[in-house]
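Both of the next two complexes hold chain A, though its partner changes from chain B to chain C.
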Partner chain A sequence: MEWISAGRFAELSHGFPGDLVAIAPEVALATAACAVLLLDLGLGGTRGRGGGVVAALAWVAAVVALHRVLGAVWPGAPLAAQLALDLGGVLVFGLMLAGAPNGWVGLVALVGTLYALELVLARSGDPAASLFRAMLVTDRFATFFKVVLLLGTAATILASSVYRPMEDRRVGEFHSVLLLATMGMFLMVGATDAVMVYMSIELVSIASFVLVAWPRGDRSAAEASLKYIVYSAVASGVMVYGLSLFYGMTGSTNLADLTRFTTRGQPEAGVVAIASFLVLAGFGYKMAMVPFHFWAPDVYQGAPTPVTAYLSVTSKAAGVAIFARFVHAFTGGPSGSLVDWTQVVAVLAALTMTLGNLAALWQGNLKRMLAYSSVAHVGYVLMGVAAWDAPQGAGLNAAAFYLLVYFLMNMGAFAVVLLVADQVGSEEVETYRGLGSRAPFTALAMSVFLIALIGLPPTAGFVGKFQLFAAAIDHVNGVGRHDLVWLAVVAGVNTAISVYYYMRVVKNMWLEHGEEGVREPAMGPPILGHLTVLMLLVPVLWLGVFFGRVAQAARSLSLY
Partner chain B sequence: MRTLDYGTLAFWAFAATAVVPAFLVLVTRDVVRMAFWLLFSFAGFAGLYFLLGADFLALTQVMVYIGGILILILFGVMLTRRRDGGDSGIARDGAPRGSGLVVQGVTAAGLLGLLAAAVHTRTPWAVREAGEPAYTAAGLGDLLLTDFILPFEVASVVLLVALVGAAYIVRREPEEGE
Partner chain C sequence: MLITLSTFIPLAAAVLVALLPGQARRTIKAVSLVATLAAFLCATLILRDYYAGRGETLAEASRARVEVLLNEAVGVTGEAGPTVEQRERREWLRSLVERPAGPEGAGGLAADESARLAEFKAADSYRLAREAFLASTVEQARHLRFTEWAPWIAQFGIHYLMAVDGLSLPLVWLTALLSVLCVVYSFGVTKVNETGTKGYYSLFLLLETGLIGVFCALDFFLFYVFWEIVLLPMYFLIGVWGGPRRIYAAIKFFIYTLVGSVLMLLAMLAFYFAVEPHSFNVIALMAVAPHFPRDFHKWAFLALFFAFAIKVPIFPFHTWLPDAHVEAPTAVSAVLAGILLKMGGYGFFRFSWPLCPVAALSDTWIGVFVVLGLVNLIYGALVAMAQTDFKKLVAYSSVSHMGYVLLGLAAMTPAGVNGAALQMFNHGVSSAMLFFVVGIIYDERAHHRDLNDFGGIFQQMPYYTGIAIVGFFASLGLPGLNGFISEVLVFLGAYEARTYGHWVVFVGVTGVVLTAAYILWAVQRVYLGPLQDKYRGFADIRWHESVTLVPLAFLCVLVGVWPDSVLRGMRASLESMISMTWPFFGS
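Coming up: the complex of A and B.
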């Protein structure tokens, strides 16, 4: 047995302590996941004193965490704003505790999420850095996506606390798996090494299978999870094959080495292109890009609604981020590409939005319709990715901003689906007949979310889409030709198509009446559910008008 | 064409052991038979790893895949009861049937063949002269705790998620009355 010397140890571990500090948000998420798991294991199922103490502590911690997030977003906020936020936090978190005997479990998970958010925001100004021997980078691009991921996670935790089928289940495992999935997505958006890419995608995938299968004994959830596993295994296999080809050619798993290889001229353009497509197929699968979208409708319909909302927002965002990073790496920037990646991504974008929209036209189940609509929205986002080499990164910035907006409006729409299903017990579009007279607030919120999904003013959806269209139209290729105008036209036609199926729901809610003789129960008072919807509704409208600051934050999202 | 030495001969033998049973796994319908074919396939891969000088990887392959996973599959088959299936109500858009299946199968096989041919003949592999076989475990250990420490740690998180998920899904709670 041979012990290593102190000097050798220092050499081997060089840089790791600093790198650990840089991945503090990931560590916070993992810690919170373990804390939730252990606390629930020790105290779950009982309303004993232990649970009460933890609940009170979590309540305080959550309000403090929220306060600190505000401090990180808006240094020197006026006292009135701080107090209003604190009181809002006390109210919302208190409702979470009051709603279910084990509501504190979700609250502990929320504390972890908010704390991670504060850590991300506090370090958002740091210069980009490569961590752990070039496994991972932290740059502004990754940071923006991490904020979106954490907001999505927080909204999911809130939504699942009002999701009744979840109530009697063991919620500790659910929340810990959810937090670890988010951690995996964190690693995805910053991964710059093939090994790291694979590990992070597997972490996200396995956590997603578990989340989808959550309602035990529910056949549709089990089927959705099984389909997800099978398709995902194939996609992972394809991606790993592509990565192994790159390793075979470069002898390195590092993304930077790969960039050097793909841009050094024309070694073997054909095989490089094949390997690139195989790798991108794996990422395309994660974000449900056509032609790798076929799993999305089944999984989204069968999964419990909060999980559907979570996957449709965060899994997509992480997929888009890693896709954009690799497209960027394959080309090494605006010049020197072997394949015209702009047109390749543009064609994929056009296919994705068109197929998604056409399939959404004749869906009777609202969750399935929103699933196809989410496929279509990936197409819109890819429009920004296709224009990634625009000056000042306008394309990527527009894509990132749109993903933030998409989180708000899509999460909102799913929250309404959840509330209505909770009351009426159905997710069919037909059950939304006459919702406007039965539950005016819910129906109004749903209308706003759907109008935002179409992309009409005065909502955030319009602002986001406008930026994407602008990025595509302004895009100029190497010879000074506006080569993405056709894509903007396709997107315009698609938007017109999408009006039909979104407006069908709106029409059902306001202009139709419920069937005679069938008396649906009036919408009850799940206050927390309505508050969740409200918290998503306000930013959708707010960002539709006062988008300046947030859009500014989405500018200059440089890649490392 | 190179002369056929023992190394090449061993390579083809192991490659055939890896690939032919893998194909048989696909066409067999009985799970137990699949598991046994899988055993041969795994063993073939282990042989390939030995041949490439990856002694640690080869032993891991034997111990984990043949010794662990395969036995687990067999236990899983023995211990699970067969239940009646039913329809979940999830629609199946565009699932291939009949002649569509044949067309898609042939197309996929053709594309895969083209892909394999292109990759096999045209890839500029980064090759290195084979040296004396050496023990790789020490080097792997160093790498896992230095350059690849983050993926190594994340692997433990992946296992945690898988364990928690599996434990949750298979656990039976009395009040649910399955």
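Coming up: the complex of A and C.
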């Protein structure tokens, strides 16, 4: 029996302990997922003494976690800010506990999310590193997306705690799957190896199917989930085919090897192009990019609203991140590629935004409309990906910043949809008639979110779009031509088109009146729901005016 | 400070009003009135000081800023003078900053220079100082006063930069005045008093902030933000408190304007990236813009043209106007015609011409402006003549009157350009007045606007008719009233114009005749003739209505007999614009 020498052991376990530290946020998420599941199994359904103790512990832990997040974002924050945040945490988390008998389950999940957020933020200054033999990287690009993902997850947990159909029904499993999906997206945004790409996408997909089909006995949710599965199977099959072609050519699953291969100027350039397009299908499906977007409207409409909000924000962000990394790898250098990837992505972006917007024009169901609008927004984001090599990396930075902004405004819009559906029982645009007089705050918040989605100042939506336009206009191709100006013009026209359907909702809320004679009672205040909306509303307005610091944070996102 | 106050007092009041309970109608009205009066007071003080030649000019302010930035960059503080090394470094920086603007943009740096800049950690200071220096070299900067400058989003070079000159100041002052009058007028409007009083005044005040900001902002980004801020309150004001087709009119207005402004956004970004270091400072851009390539001018001008032409509106982009004007509540129509249309005209004066002189003075674009100006003038008048709706007639008269602005601007002679700018002011006064005149008879009395159904109002409401006639005659261009002065100036300028031939004057003058025809005919049908029985109960003009009409009538007469009251402020600013752009004629 041969002993493995110490040196050999170090080689085999190359960097493992260190790498484990680097993926602490992922570990935290996975641990939280397990904890939620186990606690719910042990204590679920009862509000017995055990539940009470866990609830109290979770309450404290959540406030502590929130406090620590503040410490990571703003070291040396004044005491007043710290206290205000703590009090806010006590209030919001208390409301979560009070809202539903199983409220503590969501709170445990939230603790995990916040703790992961703190870990991500605390390590955000670290130099980029490649982990587990180049399976994953942690770089500033991935870090930014992880923050967006965690914020999206936290908002989803909050939103689902006011989502009545969710009450009492296997909430533990729900939150556990939600956290696992987020963990999968973490892997997606950092994946630099074909195997990791595939595994992370599958993890996210399978978790998403479960989330979509959550309401048991709801036929439309089941149908949506089935559609999602079928599309996903096709898309990932195609993607795996593309990845296997790459493996066949390079003999490696590593993205860096792929980059080296594509930039060398190969006789196999044609095969590279085909394989790239095949891989693209997989990412396109995750982002709901045209022509892989067909699942989105059905799934978004059929899924429970918090899940729709979650998927439209996080799944999209992760898809864009991995796509950007691959476009970076495909194009590599100026000489290598047969295909002008800038223009390919630009054309896809133009198609995506145009078809998304045109389809959204005719929708009567608000969730479906927002689904098509989310397709259109992928188009805007892709504008930044197409311009990824604009001066100072402005393209990717703009895309990343836009996804953060999109999280705020889209999540906000879905939160309002959820609240209104909770009161009125319908998601049709027509039911929003006269909402302005019945529920002024909700209607005002919705108006701001929709105006932000159009991209008008002074909202964050404008700032995001402004940066995307700037990147596209400033982008110069190899021969010094500004080759994406046309895309900016298309996006501009699309913005004007989108006014119609967003403002239709605004019109219904303020300009139309409800049924003659019938006055619906003023909507009761589900405080937690309103607080959730407010927490999204304030940054949408704040970032519209003072976006300097956040935009700066999104500005130095180097890819590893 | 005064500019900021007059811009943001209404905003603060808008927030305050929004926070008040909806039932506190009297408080809401009082707050709105006080806020608009305060903004008007500030605007009047600016006007007084401007005419007195007070206030730091943008050129002086920019020069001073260059010095401050240079000293900061090398670490010179207040008391201690610079060391030898610091002085040397500062002079080196100065030599970089104070390079004349050249064809390479705003002075691209050589590699060794940027390396040295980075070594001194002075890249940011250089950027700011260069921008300020360029702004100080522009002739227009010597006429822009009351400069206010503060960094806003430093990372993108976005600043809060506000100033006024003879072009913008009359419009700012008019905005502030009309806001007061509109608030007073709205006191008596039942629809506003009954539904959503709070929202109405809050949105109206927000609108005022946007409008004053648009005319003062000299940072392109800031300008764009104000430009868009105008859009939303207007949409709601038309859509909620408007007439029967309000929803259609509101969304049409919104989409039309947004198409234009998105194109403006693209042009703005193109300018930003075209200079090195990147800049949104409009005045600094004016220094560099003439060096941009021809194609750049053509495309940028086209994008800006759409943005402003939709707002003016120029035929064939005018179709939103009759809908919006007719459906909007009276006070909003007055602001729409009085101020919003001027945003387009102002845009041509402030942005299109100085930033794209090569395109603006090309034969093609002069031709476009002349032809479209004539179409606006004559077609607008003809369509106005065909209207039976009183308000629509006034709306189309705006299309017609804006034709003069285009003709005067395209003439590029001092008389023509002064006439065009004065016409914007005069039209702001007289068209706002006419909308009030229509509103007084429509809103609370007749509840219809059919011209053929009126008659003899003069006998029932003599005071009202007397004041109204002043507005109509001002709009018609009767000598002694303001409209006459600007029209004469435009035609004088057009006659001297070297950009186009005399025929334009001869064709254009027919517009004057048509204007006289439709206005006199309207006056005849509404005010003269036998009084119908159903109008016998009408009360004559009420106090708040006379408060809205009398100041405007007074302005019509004042500018008519003493045009220099407005022109003396304008002249220098406009002539600097001409002298900046004229060299590019025929280039």
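Here, the second predicted complex is superposed on the first by the 541 of 560 C-alpha atoms of A that agree within 3 Å, B and C clash if a C-alpha of one lies under 4 Å from a C-alpha of the other, contacts with A are read in each partner's own complex, and residues count from 1 in each chain.
The definition used in the following text is that a contact is a pair of C-beta atoms (placed from the backbone, for glycine too) under 8 Å apart; a residue touches a chain by one contact, two chains touch by 3 or more.
Just so it is clear, the structure is predicted and the values come from calculations on it, not from any experiment.
Novice: A:270 in the overlay: touching chain B, chain C, both, or neither? Say first, second, both or neither.
Specialist: It touches chain B, and chain C stays clear.
Novice: Looking at chain A, which partner touches more of its residues: chain C or chain B?
Specialist: B
Novice: Give one of first, second, both or neither to describe whether A:202 is in contact with chain B, with chain C, with both, or with none.
Specialist: In the superposition, A:202 contacts chain B only.
Novice: Once chain A of both complexes is superposed, is A:466 in touch with chain B (first), chain C (second), both, or neither?
Specialist: In the superposition, A:466 contacts chain C only.
Novice: After superposition on the shared chain, which partner residues are touched by A:499: those of chain B (first), chain C (second), both, or neither?
Specialist: Touch status of A:499: second partner only.
Novice: Intersection of chain A residues contacting chain B with those contacting chain C?
Specialist: none
Novice: Per the contact definition, I'd like the list of chain B residues that touch chain A in the complex.
Specialist: Against chain A, the touching part of chain B is residues 86, 88-94, 115, 118-119, 122-126, 128, 142, 145-151, 154-155, 157-158, 160-162, 164-165, 167-169, 175-176, 178.
Novice: Inside the complex, what are the residues of chain A that reach chain B?
Specialist: 12-13, 16, 30, 37, 131-133, 135-136, 168, 170, 173, 176-177, 180-181, 183-184, 187, 193, 195-196, 199-200, 202-203, 206-207, 209-210, 213-214, 216-217, 219-220, 222-224, 245, 248-251, 267-268, 270-271, 274, 294, 297-298, 301-302, 359, 368
Novice: Looking at the complex, which residues from chain A come into contact with chain C?
Specialist: Interface residues on the chain A side: 451, 454, 456-458, 462, 466, 469-470, 473-474, 485, 488-489, 492-493, 495-496, 499-500, 503, 507, 510-512, 546-548, 551-552, 555.
Novice: Give every residue of chain C touching chain A within the complex, in rising order.
Specialist: Chain C reaches chain A through residues 152-156, 224-225, 228-229, 231-232, 235-236, 239-240, 246-247, 250-251, 254-255, 258-259, 262-263, 265-266, 269-270, 272-273.
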